[in-house]
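In order of appearance the chains are A, B, C, D, E, F and G, and numbering begins at 1 in each one.
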Amino acid sequence: MISVYYFGAIALVLVGLYGVLVKKNLMKILISLSIMETGVNLLLISIGYVSGKSAPILSEGVKWNQAVDPIPQALVLTAIVIGVATTAMALSAAILIYEKYGTLNVEEIRRLRG
Amino acid sequence: MEEASKVSRYLYTLIILFLIWLALTASLDEQELIFGFVLSAIVAAMTYPIFTTRGLANLHPKRVAYAIAYAPYFLWAMIMANLDVAYRVLHPKRPIRPGIVHCKTILKTNPGKLSLANSITLTPGTITLDVDGDDYFIHWIWVPDEVLHAESEEVHVEKASENITRPFEKFLKVIFG
Amino acid sequence: MNGQYASLLIALPLISAFFVPLIKGLGRKVVMAYLVLITALQTAIAGWVANEVYSTGKPIIVMAGGWKPPVGINLYIGHFAALFVLIIAVISFFMAFFSFKAVTVEPVDKYAMLFLLLMLGATGMIVTGDIFNLFVFMEITSITAYALTAYNKTGEAAEASMKYIVLGGIGSSFFLIGVALIYGATGTLNMAHLAQLAGAIDPTVAQVGLALIIFGLAVEAELFPLNAWAPDAYQAAPHPITVMFSALVVKAGLYAIARLLYILQNANGWSGVLKLVIIMATLTVVVAEFSALRQKDVKRMIAYSSISQVGMIAFALALGTQAGVDAGVFHMVNHAIVKALLFLTVGYVGVALGGTAIENFRGLGKRMPLTALTLTIGSLAAVGIPLFNIFWSKVRILLAGVEAGYSWSVALILGASVVEAVYYLRLIHTMWFVEGGERVRENFVIGVIALFLAALIIAIGVYPNDIWTIVQKAGQDVFNVANYIKNVPLMGVGA
Amino acid sequence: MIGVGVYLALIAIATLLSMYRFMVGPTTPDRLVAVDIMTTITTGLMVLFALYYKRIIFLDVALVYAMLAFGGVIAFARYMEGGL
Amino acid sequence: MNALAALGEVLVLIGTFFYFLSTLGLIRMPDVYNRMQTSTKSATLGSLGVIIGVGIWAVGNGLSWAWLVKATVIAVFLLLTNPISAHALIRAAYKSGIPLWHGSVVDKYREHIEAKEKVETEAPQEGGEE
Amino acid sequence: MLKRSLAIISILIIGYWLAQGLAGVPFGEDKMLVGHYYLQHVKEQTGAVNAVTAIVVNYRGFDTLGEVTVLFIASTGVGALLWRKKRGRTARTEGSVVLTTGVELLFPFIVMFGAYIFIHGHLTPGGGFPGGATMATAFLLLYMAFTIYEIPHKAFEKVEGIAGMSYVLVGLIGLAIGGYFLFDWIWQTWHWGSDNIGRLFSGGFIPVIYTIIGIKVGTELSGIVDNMLKEEVRE
Amino acid sequence: MNEIPIILFTPLLAGVLAWLINVKGARELIGVIGAATPLALLAKLYSPIVSNPNNPLTYKLTVSGFNLTFKMGMLNWYFAVIASLVGLAMAFGMVSTSKNGYDWLFALISYTGVLGVFLSWDFISFFLLWELMTFASFMMVLKRNRHESLKYFVLSVIGAYAMLLAIALIYAKTGALDFDSIRQALYMDAMLGSISKGETALIFVLFLTAFGVKAGAWPLHVWAPGAYSETDQSYTAFFSGALSKAGVYGFLLLYILMGAKLYYALGTFHGHLTFAYIIAWIGAITVVVASFLAVLQEDIRKLFAYSSVGQVGYILLAFGLGTGLGFAGGLFHVLSHAVFKGLFWLVTAAIILQTGKTEFKDFGGLAEKMPFTFAMGLIAVLSLAGIPPMAGFASKWLIYEAAISAHMPLVAGAIFLGSALAFAYVVRFLYAVWFGQRPSDLEDVKEAPLPLLIAMAILAIPNIVFGIAPGLVTNYLNKALGGQIVGGNYYKLVTQTGTYNALTVALLLVVGLAIAGLIYIYGAKARKIPVTNTYQSGNPVTEEFNLSIRRNFYLPLKEALAFWLRYSFDRFYERIAQLSEDFADALREGFYNGNVQAYSWYLAVILLILALWGVL
């Protein structure tokens, strides 16, 4: 059974991939990458979800067996930060590229080839 | 507006921050209180120069009272105006006559100007487009005839201000000066 | 001494990198000297760890926070990791020296930090015993690599970095999907625990998960056709960093592929993935060799050569036999040494003569005799001439390949190796038998490092026995998963 | 209880409508306004979720979200008018 | 179910209705300025209703007062920040050159800016002659 | 057009494949193994109520150390790439009084709230990263409102470094006291706050580490913003 | 520790020392000592080896987990001693011709390599030293000509890798790398047949390629002319005299290791072993093609290069006969070719050293100026042309006898044709270089220096000794091959079909020459013409169609062969090389096209493949 969350996650990943594959503008490609990452994070979170259970914070009377899987959430926290870091690097590289090439069109950014 | 003493400003910031802490934690656990106080003291030390110029004077009872009274007044104005917008949105003919008008304010302090701008913005039908000194430029969804057809700039400003800024200024003048 | 102190391998580069902002005001020289000092310390620790592991014959299991696996993340410093962490440290140490000369672009304090963290990332990838932690270290490595690729701030550097980012980003996203699937099927992330549970994973999940994980890693490990970023990155990066890429970073990726392949060997669809890796590895060798053939830029040529060697290593590691893994590990060691030497000398030529185009290598034998000599030794080793180290591992790989039934791959690889011989010999001819310019004074320290590496190449080539013994142990460490599971003190969660 | 359905339906319609505006534009400020509205609605939705799960801790999440969203919108707005 | 809970629920209902209204305005209005007119504030009011409503509703359902307090913090925060962002957005729209809707009747801001620019461009010329 | 169609066909096939794989890990089902262990033991073993936080800081401390490192790399990398001899802000328009005053008033509150988030990491969904990000938002707003504003980079860089070192040091103290790197000596050796579970002063070294991380992330993100917003200035 | 490692590594060590020290005098001394040591030790080992044919001297060591084995049986000794004889001559020659450490280093390394190939008794050491030998000889060529060296190297590497693949296949099938185990395993497998016919054929072809390249067998011979010419000619003596024998030795190994397997797997063809038949024909074609090409050369180096190729063809042809006599003849020819072709190259070295010229058109009348060299050259010519009583005649005669008795008349015809052609080209060499008018710029030419003369003498003596007493060799070979294959005594060879008495022939020849000499000295009344007279029959020579012996002497032959000469394997390989370079460029530009989006597509394609592979 494919839930709507899984579906959404996969959809985001695929939309991201699609963007990377067809968009000519570097910024759009980077945004697509971010969308992909978001999809992956959503997927991770969804995998840890357990129907009818609550967030894995054992306060307000929530017992250990009433909580969803905490591991994917911990992982996603890390994954998000990594995504932010990658994006930051990508943006600076893009800034540099724009400075040197005067364009963000991927078809024109190919001094290194062959 | 002359600056209050550093102590006054610091204490004011400390008090406000601690109150915010109370609200944030919504708890009276002494551990939270102790930590909150220490934290407020630290943050206040770093931020009081930009947070306030008038310090404890802000807590003058009159000001507090006006501020408390302003809340329901403003809320009411906001709700009324929202209903007006609801009418314009839902009306099949979309009855709008927008334009950017010019108002002047009598408020002198920045927090006052901010509050006025926000109040204007939150009241549907008007949005503060820019504030330049005492001049407010407001995007108005239905510019009334008296403003639109004002014979001179002065009249325009007067009529617009009367409609838009005045209702709030009488409170804000007291609260912020 | 407590084996837990092996965690210093992670702690030292980290704390030292964080320390750099406090000394950046003291100037470039101080920062570079600091880099040398820290890498020397790291080498000492790595040496101690390697000695510990090889003398006791037992891996060191570092348990962060004192939590037993699979509850906590453990580092598994077995024979393989001990060996490679040492290699990483030593090469980094050398490159710290090289950086003195080769890195003049500001801001060097940032360079130093990134350098240390690149070393950290590769180390972490190799020592970690947790699949998600592997992802984290992989990202540390690659993001550092993105930054360092663009470090020179030229248009080409930024372009190369961007390509690396885009491809690396796609790779890591799909890797993470794979991890998510495997986690969803097993409920654990610890590699030893996963190895225990791998057989029980739902076939489809196992297949998709494993394929995605290997896909993601293959981008880092430069397997065709996922390696298009690599030549650009190698070419554009500062010279010492290129050495790090080829000697350390890609090795970490290869290791990760091998480790995960064998950890998950009980998973369904495993042999299919293996076959796919072999196909990709074989194509990597062929395409890279042909691409190197007519390069005008020597650095880029050697980059392609490096990629092809990497393909050969991946081929060996994916054979699924002990002999193959041993050979692959042996080749990893040899390739690390040889490519370190090649990129070092080529980079030095680039620094001294203002570029790495083939024209700069004319008459190098007269212009920079020491550099030319060591570069020649490296080239001959790369070609696989006897009495140089790579000969032994190459023969091992090919024997293992045919033994495992992949004669067609071996034939293709051999065919491509002919091409390799051609372009290296052109380089040698250009250096020694074509007239060049004036004599150039050579740097003493770089000369010593190059000579040391060259001596190592010949020493292993002439007397490979000891290293072969070491490498076999490392190979078993990777291949023998039963032992791996036994060595990790799993606390029996759930079961 | 009127039922969760009504709120959720209203919120869902609202989200869809703002999504539409985001997709269609036609100008960048149009899209930004749509985003701004979406973030505001999402904040409200988070608060509703907190109540649904009866976890007060989610209110903190809503506040963090509101704050980051504010920062983001301001950043974009300033970027558009060349204020960076 | 008690009065507080009922009040809370009603507030939530009103709030969500305003959400709807706000986005409806987003669709129906002809240009970005008028869309902002109808949407940002309705959304804010909607949030106010939803959030405060949740606070009251929670208290009515026997949850702690902290709910209401925290909800109020969020509401106040939105009340403070949403108009600021609306202002920033409309200013950005204007400054980035989005024209007013053709049905607009007056633009005092344009006159103000032009007057200002005239002063600025004339001032340095005078300075140059001296 | 051909490219687009090919892309669509490709991603549909890939998507179908992924979906097949996901069908093997059904949504909403309990797939926990190690997860259960955490939920059962998190309170006694770490003193934290928030299992996620306990995992992040305690059980999987290496991940978090790595995560901190990644952000540090980003900040360093951005700094390295955008480094120029002389840089400055080149904004063309001022923020209006509404924005500037609003930011001035919000600034202490947001900083405070950031601190609130990271200090309550073991109790509520929060921690060093969102806390730090919130604090960085405060600085971001200053950049947005004031066209000449710049953070004190040198100090920030040093704070960033010191915070990072402190994190590793906390881990090394654990190694010295408890024999393991990143060992939670506050909780497991000193047993501080063990009668306080669910209140602020509990959670072993989690609040300590989260404070460090919060400060580090705050300075780092601000640094990244600073680097991104400035351009080369030529004389 | 026994003599084997010393024999093996002394040259290598000497080479490295000579290179490191690189002081004139010391360098040469070390080199010569290093080259002489193996010969001395081999001589010392003669009687133990001969008295213990079934208990060869063995040396084992473990390297990198491989058990390397070296064995010195009678055959190994035979090859090794030939190599070291030529090696010593090379060293003396190089004292005169080579003035740098580089040459010494690689010449001596290749010497070690050749010895190692002959003594290895497992495939790892065999391959290791094979590669070493190849590489070192390549370096000798690289220094002088990049293009020719590359051609040589590429073909060598292809050969080496073919061998490696074959070794790996054998290893995969038998699990063995040492020759004894492989031989045993393949012998067993000949009956069991677990290695299929196709696999056996593949291994055979791979080995054929590997050894064929090194031996210079058609059609893999194209490297030889260039490589032999473009190096130090003293070294070429070794290169062509000893190193190419490594390939020949490989063919012998093929019989030893997998003869039975090949027989069972590939069967017979017209009453001959199929695989042997193939070898025989390769040999025959090589003889004919190379001899024709040799005749057409205008450069003496090229001439002898093709001649070398042709002569090695004889050996292959002999081995391909698959009979005891064939082996005996082939092995004898290994020796004779080594000594006469080595001698030839040393003579060439002397000529080039003293004149600086390489083409026929520039030579003439050198016999007067370099009488000793001329005498040596004459011995070589006689031996090569197969004129009794030289070693060359004895071995060729054996091969001819073997071909006749193996009922392969066509192959025998090839031998005959080859001999005729050989006569044609040596006569030209003899006359064009040594006699006739001498160009004026050769007036000051001196006799070759002493070391070179010594080198020539070292190789000339065996030519005569084994020519007059061929039984010395055949007796040894009988023992080595384990049967009374060639009868007779020291001076007489007896086969089933014929008898050759070398001593008688020699005596007759001496008497004949004596008579001729007397007639020449006392009978002829010719006017003595200075050999610098540049006029020929009173007419000046036209440039474009000069059919003097020094220029285009065999042009009519060339025109007659024009159709065949159009097909050149050399050009064919060049074309392939060109194509692969173009392919490389296309691949590079096409695949690594610089567009990151294209690169992303590669990733997507792999994902797609994974998906399809999962879905289907």
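We adopt the following convention: a residue touches a chain if its C-beta (ideal position, glycine included) is under 8 Å from a C-beta of that chain, and two chains touch if they have at least 3 such contacts.
Keep in mind that this is a model prediction, so the values were computed, not measured.
Asks: What is the shortest path, in steps, from chain C to chain G when you may only step between chains that touch?
Replies: 1
Asks: Could you see whether A-G or B-F has the larger number of C-beta contact pairs?
Replies: If we tally the C-beta pairs in contact for A-G and B-F, the bigger total goes to B-F.
Asks: With centres defined as the mean of C-alpha atoms, identify the chain lying farthest from chain D.
Replies: Of all the other chains, the one whose centre lies farthest from chain D is G.
Asks: If you average the CA atoms of chain A and of chain D, how many Å lie between those two points?
Replies: Using C-alpha averages as centres, the distance is 19 Å.
Asks: With chain centres defined as C-alpha means, what is the inter-centre distance between chain B and chain G in Å?
Replies: 102
Asks: Centroid from C-alpha atoms only, then distance chain A to chain C, rounded to Å. What do you get?
Replies: Using C-alpha averages as centres, the distance is 27 Å.
Asks: Where the CA atoms of chain D average out and where those of chain F average out, how many Å apart are those spots?
Replies: One centre to the other, that is 23 Å.
Asks: What parts of chain A, by residue number, touch at least two of the other chains?
Replies: 13, 17, 20-21, 29, 43, 47, 55, 57, 59, 69, 71, 75, 78, 82, 85-86, 89, 92-93, 96, 109-112, 114
Asks: Two or more other chains in contact with one residue: find those residues in chain F.
Replies: Correct list: 7, 10-11, 14, 17-18, 20-23, 25, 31-32, 34-36, 38, 60, 63, 66-67, 70, 73-74, 77-78, 81, 93, 95-96, 98-99, 102, 105, 113, 123-125.
Asks: Taking each residue of chain C in turn, which ones touch at least two of the other chains?
Replies: In chain C, 132, 136, 139, 143, 146-147, 150, 153, 158, 162-163, 166, 170, 177, 181, 183-184, 187, 189, 204, 207-208, 231-232, 291 touch at least two other chains.
Asks: Where on chain B does chain E make contact in their complex?
Replies: 20, 23-24, 26-27, 78-79, 81-82, 85-86, 88-90, 94, 96-102, 114, 117-119, 121-130, 132, 135, 137, 139, 141, 143, 147-148, 156
Asks: In the complex formed with chain A, which residues of chain G make contact?
Replies: Residue list for chain G touching chain A: 588-589, 592-597, 600-601, 604.
Asks: Which residues of chain C touch chain F once you look at their complex with the stated criterion?
Replies: Touch list, chain C to chain F: 2, 4-5, 7, 10-11, 14-15, 17-22, 24, 62-67, 70-73, 75, 106-107, 110-111, 113-114, 117, 120, 124, 128, 130, 132-133, 136-137, 139-140, 143-144, 146-147, 150-151, 153, 158, 177, 181, 183-190, 193, 202-205, 207-209, 493-494.
Asks: What residues on chain G touch chain F, complex-wise?
Replies: It is residues 604-605, 607-608, 610-612, 614-615 of chain G that touch chain F.
Asks: Of all residues in chain B, which touch chain F in the complex?
Replies: 13, 16-17, 20-21, 24-25, 29, 31-32, 35, 39-40, 43-44, 46-48, 50-51, 110-111, 113-114, 117-118, 128, 130-132
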